[in-house]
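Each chain carries a letter (A, B, C, D and E) given by its place in the written order, and its residues are counted from 1.
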Amino acid sequence: LGLGLFASPAGAAEIRVSAAASLTEALQEASAAWNAQGGEPIAFNFGASSLLARQIEEGAPADLFFSADEAKMDGLAAKELIDRKTRKSLLSNSLVLVVARERGAHVASPEDLLKPQVHAIALAETRSVPAGIYAREYLTRKGLWNRLSGRIVPTENVRAALAAVEAGNADAAIVYRTDALVSKKVAVAWEVPVSEGPGISYPAAVLTAAKNARGARAFLAFLESQAGTAIFRRHGFLVPR
Amino acid sequence: MLRIVHVELPLGEFPLFAHLDMESRVTAIVGPSGAGKTSLLETIAGFLTPRRGRIELDGEILLDAEAGRNVPPRARRVGYVPQDDTLFPHRTVRRNLTYASDAGRDSPAGEFDRVVAVLELEPLLERGISKLSGGERRRVAVGRALLSHPRLLLCDEPLAGLHPELKVRILSYLKRVREEFSIPMLYVAHDAAEVAMLADEVVALERGAVVGRGAAKSFAWSEGMNIRTARRPEPSAQP
Amino acid sequence: MTGFFSSEAAWTIWFTLRVAALATILMTPPALAVAWLLSRKTWTGKSIVETLVALPLVMPPVATGLILLKLLGRRGVLGPDLERLGIDVVFTWKAVVVAMMVMSFPLLVRGARIAFDDVNPRLEQMARSLGAGEARVLFTMTLPLAIRGIVGGLLLAFARALGEFGATVLVAGNIPWKTSTMSLAIYNFVQIGRDDRAWPLLAVSVTICFLAVWIGETVVSRRGRLV
Amino acid sequence: MTGFFSSEAAWTIWFTLRVAALATILMTPPALAVAWLLSRKTWTGKSIVETLVALPLVMPPVATGLILLKLLGRRGVLGPDLERLGIDVVFTWKAVVVAMMVMSFPLLVRGARIAFDDVNPRLEQMARSLGAGEARVLFTMTLPLAIRGIVGGLLLAFARALGEFGATVLVAGNIPWKTSTMSLAIYNFVQIGRDDRAWPLLAVSVTICFLAVWIGETVVSRRGRLV
Amino acid sequence: MLRIVHVELPLGEFPLFAHLDMESRVTAIVGPSGAGKTSLLETIAGFLTPRRGRIELDGEILLDAEAGRNVPPRARRVGYVPQDDTLFPHRTVRRNLTYASDAGRDSPAGEFDRVVAVLELEPLLERGISKLSGGERRRVAVGRALLSHPRLLLCDEPLAGLHPELKVRILSYLKRVREEFSIPMLYVAHDAAEVAMLADEVVALERGAVVGRGAAKSFAWSEGMNIRTARRPEPSAQP
């Protein structure tokens, strides 16, 4: 078990990107394209935005942070951990109300959530997880939050909320459109119009502690480029222009 | 009475092969180390299961290998004093002695006190087994077997390592047990005197087979078997 | 306690203690049974059962959680039957107990199995020949003689139950005043960066663990005095 | 393997095996030492050490991970010194090993400690009086006589190392081709709803677990033949 | 020579109190069960540490409680045959016998074969301990002690449960050991004949104290100590 065995393929000139788990597939595709045009290798670290933020606060090495919500980014900005000039809100997403594809509750609009046969509504943790925070914001704006709070089931994250609906133990869930598309067992009952919805945005920024800031900026630029945005669109994200 | 019919049990080098009827009340089993004495006793107790043969006690079949019948140790009601004591290490002396009666095998009233007195176990009753001397252990093992209200007693050198005086007292008690309750006894011993004192009959084992048998008094002790006659042995020590 | 902790935190602590204890208790009989079978009987596919028992350790908790959800969910394998019986598990305290049981099961089984292996079978034989039935043998010989390993396993199991997070959050959700255990609460506080509220809870679980260890020690050594 | 699995999955499996094995190996000497001290010596604050050892079980993994991060992170307690030595742990395979070690340490310690407790001290005494020094006593008596418990503990520890997620993801991150273990990969696949890619990996870890169990069984029973 | 000076060790009911010089080559220790014989041997071997007193072997101080000096068992070079064998269960008979020499305590060349021959252990050498009979165990324990190249032999009923013939052969070998290598020996026994044959001197213990002492031949065996003279004991069995 020579330690040499553990030498990672990526050498010194790599771009370390901490990104929200929900971006995994889009970003992997993007990095492939980026490499194809001769970009430096990318080392991703996928996880829950909040934990990624914690890692950065504790000085874990990263060049670029791609969060699933502004709050986390603000937190880092307040601690002077990101290079403000590079901060960009690249993507947006929309919330959807989903029910089980078979024998799902008859819900066609948020108001239908008040129906008595809707017992449980799965949301990602509404204090810490972006998707949950957005969903709460939306329900509050709709004046439904307080009337529904008894039925809310906070789950670890969006995926768990979907799993709850798939398993039939939640009658409905509010998740990102991108995640809803992935699951075959759920159907979109109602798509929150961007106008009504909360301002969902995925900010990205180069970190002040970045070892490879130049590379990070370059990759960020690539993600903004035509090629980059095309990929995100294909994965169901909205790209505000 | 105990009948052992063509019992065959594989051991290390050789098989144990036993075919005996024991009408006598106390049968002494003698034989060199590794002859199969313990194995024989454990077969009767049901700890070892022979490949062949039949064992009957008072007409009841305890084991019939051919017929596939095998009464479990629990139902054999045989009191066994193993060579290595096998006391229950997590129980006091008292709770070792009462184990059988707790399990529903009550001995006659007063028996407990009597046994404890004869074996001189009073001072030890509340002790843990790990705090006993070798001889004290032996006595507890004997007591435990006596208090299991058995139909048959199997004693594997019950008095090994006991002081002669005590030995005599215990022997005379065992004798009384045999007479009062007429419990037959199989008794492994090495000491001619001990055998002569207690046994009616002697069976000699060697390499797993019965090689000699006779009334205890008249039993032909091979040269040196009685240590007295062997004061000056030729140094047969060299290889 | 409620003085220092928010009433919600106090509830969470008390709730966690009860479910963890309940899970450990409910788990013990089956775990001991499995351990006994593994130790005493030889049967084909033994290694397979042992593997199954060990799985909750090997799989990432989220996977275990998903599998439990697919089993107990209303659309799951057992779900419909449970529903017919009017038992609702997922997203209730029952789910917490189930998750804890499944996750700590392997620890008790291992501990007990090895302890059973080390019990001298001659002692059990002797007990039988003194008239003890199998039940009596089990309770007067096997279990007391294996107590060290069993207590050790119970400690690990209880500790694991207290710490369980991944599987619980999936099947039970993280519902304040309903299914939120200390681990879940701590996880949340860490996520929102409120370490100041996470530490006290952490301190509590450490204290509980200390008490458990200490009790275990005394139980074992109490028995030890005789042996 | 690479035929069926993507080269990334193949790498992940191979990587996980190596780090889990390494973690288990590195952990063994200290764990056995601690277990031996707990079993053989009496000293004040023993229960406290035992509690500390058990902590990684009791705390939610995320807390353990955070504490490790605060220790090893660049802004952490040891971080600066490590950095001066040119060792960076966080977000490297080293972090994975550390996390696995910390999380499975308690399992081996418990198992070994109980096994040591059950070794008959008279045998060690006899060995000494036959001229054996403490080292010889340890290697010819204590360890061989405790082998069952030790192997059992090693199994649990290795299994736990394979399954470890919560702490690893914090200190090591989930970096493909670098720190991503099977557990992390499975978690990530589940997150993005790609269960189809999670199951094969799960199957692999189950298989590995089965092999480990099976090897453990044979090792123990091999020794068993004599005893 | 072995000197035991005012050694005091707390036991169950009573303390062990020993004060002896042993000039003789073989000293037999006799006494009722629980007298303290094993405890005395284990004190000399260093398994038990007395509260008071001093122990000297050939002028070297093994223990001096007052001076806080206590030579660990490892350095005492005392060969001990414990009453309960204490064989190493995870090693074969051979590797039990060679344990001492593996640890650097080599016996004179050829000794191994000689001991194995006398104790008749050849067929058992590769066996596991759990597969031995009681007497076979005893013999392995004796062999292990003999092969540890000791300065002093402590034998706690080494021949208990052995067949007279073998007993005689082993005794005569021990006698030779004592003469050839002039290794002094402490020998716990219950059999008058055995003692008479091997020992030069007899020490009687009771309740932890030395109550009698004398040359083996002339030793006054209390009534019943020699079982032969006790054929018909009055039934002292009733409580």
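Note that contacts are C-beta pairs under 8 Å (C-beta built on N, C-alpha and C of every residue); 3 or more make two chains touch, one makes a residue touch a chain.
Note that this is a predicted model, so its numbers are computed, not measured.
Undergrad: Identify the chains in contact with chain A as well as chain E, in label order.
TA: D
Undergrad: Give me the fewest steps it takes to get from chain A to chain B if each step has to go to a chain it touches.
TA: Steps on the shortest route: 2.
Undergrad: Tally the contacting C-beta pairs at the A-D interface and at the D-E interface, and name the larger one.
TA: A-D
Undergrad: From the C-alpha centres, identify the chain that is farthest from chain E.
TA: Of all chains, A has its centre farthest from that of chain E.
Undergrad: Compare the two sides of the chain C and chain D interface and say whether they are made mostly of the same residue numbers, over half shared, or of different ones.
TA: Here the answer is same, because the shared fraction of interface numbers exceeds one half.
Undergrad: State the chain with the largest centre-to-centre distance from chain B, centres being mean CA positions.
TA: Using the mean of the C-alpha atoms as each chain's centre, the farthest one from chain B is A.
Undergrad: Distance from the CA centroid of chain B to that of chain C, rounded to the nearest Å?
TA: It comes to 47 Å between the two C-alpha centres.
Undergrad: Distance-wise, how many Å sit between the C-alpha centres of chain B and chain D, to the nearest whole number?
TA: So the centroids are 51 Å from each other.
Undergrad: Please output the residue numbers of chain C that touch at least 2 other chains, ranges allowed.
TA: Touching at least two other chains: 66, 190.
Undergrad: Which residues belonging to chain B are in contact with no fewer than two other chains?
TA: none
Undergrad: Out of chain A, which residues touch more than one other chain, so two or more?
TA: Answer for chain A, listing residues that touch two or more other chains: 51, 54.
Undergrad: Per the touch rule above, enumerate the chain pairs that touch, sorted by label.
TA: Listed by label, chains in contact pair as A-C, A-D, B-C, B-E, C-D, D-E.
Undergrad: Any idea which chain A residues touch chain C in the complex?
TA: Checking each residue of chain A against chain C gives 48, 50-51, 53-54, 57, 75, 100, 120, 122, 125, 127-129, 153-156, 160, 163-164, 166-170.
Undergrad: Within the complex, which stretch of chain E touches chain D?
TA: Checking each residue of chain E against chain D gives 45-47, 72-74, 76-78, 80, 82, 86, 88-92, 99-100, 103-105, 128-130, 144, 148.
Undergrad: In the complex of these two chains, what residues of chain B are touching chain E?
TA: The touching residues are 12-13, 30-34, 38, 83-84, 113-114, 117-118, 123, 127, 131, 133-136, 138-139, 156-157, 160-169, 172-173, 176, 190-194, 197, 222-228, 230-231, 233, 235-239.
Undergrad: Using the touch rule from the top, collect the residues of chain D that touch chain A in their complex.
TA: Touching chain A from chain D are residues 18-19, 21-22, 25, 62, 66, 69-70, 73-76, 79, 88, 90-93, 169-170, 173-178, 188, 190-194.
Undergrad: Touching residues of chain C toward chain B in the complex: what are they?
TA: Answer in residue numbers: 122-123, 125-133, 136, 140-141, 144-145, 223, 225-227.
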